[in-house]
Amino acid sequence: MTKVLPMRDAIAQHVRDGDTLVIEGFTHLICFAAAHEIIRQRRRGLTLARLTPDVIYDQMIAAGCAAKLVFSWAGNPGVGSLHAFRRAVEQGTPPLEIEEYSHFGMVARFSAGAARLPFWPLRDYMGTDLPAANPRIRSVECPYTGERLATVPALNPDVTIVHAQRCDADGNAQIWGLLGVQKEAAFASKTVIVVAEELVEPSVIRADPNRTVIPGMIVSAVVIEPWGAHPSYAQGYYDRDNDFYVSWEGISRDPAALDAYLRDFVFGVRDRAEYLARQPELRRLTARRQMAPPVNYGY
Amino acid sequence: MTKVLPMRDAIAQHVRDGDTLVIEGFTHLICFAAAHEIIRQRRRGLTLARLTPDVIYDQMIAAGCAAKLVFSWAGNPGVGSLHAFRRAVEQGTPPLEIEEYSHFGMVARFSAGAARLPFWPLRDYMGTDLPAANPRIRSVECPYTGERLATVPALNPDVTIVHAQRCDADGNAQIWGLLGVQKEAAFASKTVIVVAEELVEPSVIRADPNRTVIPGMIVSAVVIEPWGAHPSYAQGYYDRDNDFYVSWEGISRDPAALDAYLRDFVFGVRDRAEYLARQPELRRLTARRQMAPPVNYGY
Amino acid sequence: MTAVAARELRDGEVVFVGIGLPNLACNLARATHAPALVLIYESGAVGAVPERLPVSIGDPALVTGALMVCGMADVFQFFLQNGRIEVGFLGGAQVDRFGNINTTVVGDYAHPKVRLPGSGGAAEIAVHAQRTLIIARASKRAFPAAVDFITSPGHHCRGVPRRALGMPGAGPVKVITDLGILEAGAEDGELELAALYPGVTVEQVRGAVGWPLRARASLGDVAPPSARELELLRDVLDPQKRYLRGGA
Amino acid sequence: MTAVAARELRDGEVVFVGIGLPNLACNLARATHAPALVLIYESGAVGAVPERLPVSIGDPALVTGALMVCGMADVFQFFLQNGRIEVGFLGGAQVDRFGNINTTVVGDYAHPKVRLPGSGGAAEIAVHAQRTLIIARASKRAFPAAVDFITSPGHHCRGVPRRALGMPGAGPVKVITDLGILEAGAEDGELELAALYPGVTVEQVRGAVGWPLRARASLGDVAPPSARELELLRDVLDPQKRYLRGGA
């Protein structure tokens, strides 16, 4: 039975109302294609976790998918605010519970989840107001030195969606460029969906095994979706659509403009192909070639 | 001031009597060139730490360099015993203190050291006699679930020596194939010496930054030593000299044969070049070409 | 023994492989009924497809053509401790009546008669693999009533049952010897005789273990290696007889 | 402000870079007196040499040509918590008299007047970097006596001095504003005026902070940006004026 599915089927089969969902990717490889499908399928009551909610979760909050947000930096990177998020937190429209850490805290939560430990120790948060704001930040005494270290609890999502440059049909996925916390989030998760720019033969994966970040054995579904990270980027494939990120400031500030955006680019298209057809001149973002030299795996 | 030194100078400047020394590499990339130079310079009282002491530490124990061994599996991989180690432990000749963990425990010790945490939690050792044999294996209570988890203390070596396939003059080192715990051991260490098969321009490193395992900023000295891991191996450069590993069973079993080996191949040569000249037909071990396909880093 | 161990592996399973007979058994299974077996080595090779018999668990042939190679911190935390390993293979100098294994010392820890290599990854494999298989030749020396040192825990450790110790894995479900197969008793976790090789008697097995061995009422028959299995083992997988000194 | 910040960096130092003015300052330093500066971004790019002004800390231009790219678990554990970062750059909506920074909320946490982005990596940079530099334009709103929320700790947090809290790093050694430079008092860690830009008076700075600002007996003069610095900033590093809205 193949794991390779259309996005519609992968989301329908694996993402349920009320799930804790992670679509990771630090600026790089953020899978907007999956988020849009989840919005189209009108999932509700999701706990959305991510270091940087970014425009992707701002859209999901605006679309009413989220009951709760777990995060560490909620801005529009390099641009400004996420206004749907701000309206939810400042005005309660829609209501949104939040659980807040720092980046290191979120990384540590995924690390604990991936290692199937209940907590992760870190030297952090002394002097800050974060533990007062979030009682799940606690501490533990070192059994050697007696000192107290901060702890965060494991995060084990129901579903994690990772976008990769390439994978085989079993979901063995290779990523280069920024790696973020995708590996940790995937291993922490009950279900993993890999979305990739390219489907390749296993022989391509096996020719450079050190590049594999996610092994197929932890993957439940594979979706092949070229340009699936747009307006985010994929190193070696396409650049970030920064014009769109800049325009999100105006779109997200105005609820009517945001609704129009969702109508035109999410609800109003059947799939990723239709979304891409409505984008202005994607070729301007196509990556130039700057190839890494090959290495020898022989013996 | 260049970091690139002959092995003799790198060892003379950075390895001191009584140091805690780590020469890591799991079967792959074990830096015999460094160990032989340390033996030649007659360092004494070292605490030697490594997951697998392997033939390399068996030689150093026999040569009288070691006061203590910290380890998790002391055999000749795929062959049999390390007889110098066994004589030391079973008969006290020479006396050798031991501190013993499992592989996971040693990995966790280096991870804690690299993260500058005093301990690392792991779910391990229940039912085993290891904590009774080693009181440094302790436990901690999870501040969320109340369950007890095993802990090991951080290991922060004075010096870690890592063998890499290639590096630049600042010590930015790239490794592919088995990665072992080299990254963790290096980051845990006060001083790092990188030994490499090839010195390359920084542009080679920068053309594939995801392959860099050790950044130059944590490296104190760089030694270029082709075949420096022999009789261990370097993926893409040369295979393991398994004949030698098999012959070590007989050599190490007989103290006189072991002394003769050290005389002929360590004390009796001035440097690695002379050692290599005394090896039978190294070309039989030269790696065949099996190149990884290049990937695109452009944007 | 090797062919019998190979049959215990199901196609598609994720197996943590040790060197020697376990490695042979896994590669035999891959070559026969379980082509989709995923072999993981503690060295960091995942989905290895060695083109030669690896001489160690760090052999370069495990890397070339593997699906993934990762650091050992990932192997132990994200694969093993995470619960992703379905089968772990273990061997050892001593196996006791509860499936505890000793690979550390013969005699006293502080003053050992024989110093063995130690745990390696065996302690944590015994704790975390969903089930483990033990391979060992039967003899009174190899199967004492109680091991001198518990390196890898079995079903009952110094008076405490496995479940009470909080170990995630099920422990050694089968001990494959050259005389028969032992399995843990459902009640107390004590190893009992479950199946015999052709021509071997219950008394022969009892004579090769160090405790009064219980035999199940209905004993299974271990099918001997097929011609195909023998041919693969002797001619393809271990032609130099590195590991097949005793038999297949 | 950017040029002044750049001068605080010594050649060869390892700098944890934030986006915006800190990024500009680091690249100005690289282009002038500190070509060997090692730029690390929390996204995992180490030794980045961006060929364009990165629009975010995850820009692909930080990857192409970098010395190393690693996962974020390594960035925070092996670089930052390990103590390998010599300089951390921080900015923020509010900076108080002890150098505490707020990037979380204006008003009450549970019912904020303005919800800011939050910590990102700023909390741990403030704890671990060997020293930090803060860049912020001076105003009474930006420099209250006490911040509404301590996201990144300074020299004195809710009555407890930094050292007593066990923070490895030295904290904010300089706060670079568009009017002058503030430094922590040796005794109590309170920020005091240490240097002035040409033509700025002590009273002007006092008018732009929310507490009775101490001025050092001997005030330094901040040298204005040189022609070369201005040219690099305006024509090479930020020709589109993405970050240089206020001045250089």
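Note that the chains take the letters A, B, C and D in the order they are written out, and that residue 1 is the start of every chain.
By definition in this document, a contact is a pair of C-beta atoms (placed from the backbone, for glycine too) under 8 Å apart; a residue touches a chain by one contact, two chains touch by 3 or more.
Keep in mind that this is a model prediction, so the values were computed, not measured.
**Student:** Could you work out how many touching-chain steps separate subunit A from subunit B at minimum?
**Tutor:** Step count on the best path from subunit A to subunit B: 1.
**Student:** Tell me, which chains sit next to both subunit B and subunit C?
**Tutor:** Neighbours common to subunit B and subunit C are A.
**Student:** Check A-D against A-C and say which one is joined by more contacting C-beta pairs.
**Tutor:** Counting C-beta pairs in contact for A-D and A-C gives the edge to A-D.
**Student:** Could you give the separation in Å between the centres of subunit A and subunit D, each centre being the mean of its C-alpha atoms?
**Tutor:** The separation of the two C-alpha centroids amounts to 28 Å.
**Student:** Just curious, how far off is subunit D from subunit C if you go by their C-alpha centres, in Å?
**Tutor:** One centre to the other, that is 57 Å.
**Student:** Distance between subunit B and subunit D based on Cα centroids, please, to the nearest Å.
**Tutor:** Here the centre of subunit D sits 40 Å away from the centre of subunit B.
**Student:** For subunit A, write out the residues touching at least two other chains, lowest number first.
**Tutor:** Within subunit A, residues 116-117, 122-123, 147, 176-177, 179, 183-184, 207, 210, 233, 235, 239, 287, 290, 297-299 contact more than one other chain.
**Student:** Give me the residues of subunit D that touch two or more other chains.
**Tutor:** Residue numbers touching two or more other chains: 45, 60, 63-64, 69-70, 77, 81.
**Student:** Among the chains present, which pairs are found to touch?
**Tutor:** A-B, A-C, A-D, B-C, B-D
**Student:** Can you name the residues of subunit A that touch subunit C in the complex?
**Tutor:** On the subunit A side, the touching residues are 114-117, 172, 183-184, 187, 202, 205-207, 209-210, 212, 215-218, 297-299.
**Student:** Quick check on the complex: what are the subunit A residues that touch subunit D?
**Tutor:** Going by the criterion above, the answer is residues 26-28, 51-52, 71-75, 77-78, 81, 85-86, 89-90, 100-104, 107-108, 110-111, 122-130, 133, 147, 176-181, 183-184, 233, 235, 239-240, 242, 245, 287, 290.
**Student:** Going by the contact rule set out above, which residues of subunit A touch subunit B in the complex?
**Tutor:** 116-119, 121-123, 136, 138-145, 147, 149, 151, 153, 165, 176-177, 179, 204, 207-208, 210-211, 233, 235-239, 287-299
**Student:** Could you list, by residue number, the parts of subunit D that touch subunit B in their complex?
**Tutor:** 14, 38, 45-47, 49, 60-61, 63-70, 74, 77-78, 81-84
**Student:** So in the complex, which bits of subunit D are touching subunit A?
**Tutor:** Residue list for subunit D touching subunit A: 19-20, 42-45, 54-60, 62-64, 69-73, 76-77, 80-81, 100, 104, 109, 112-115, 117-124, 127-128, 149-154, 157-158, 160, 162, 165-168.
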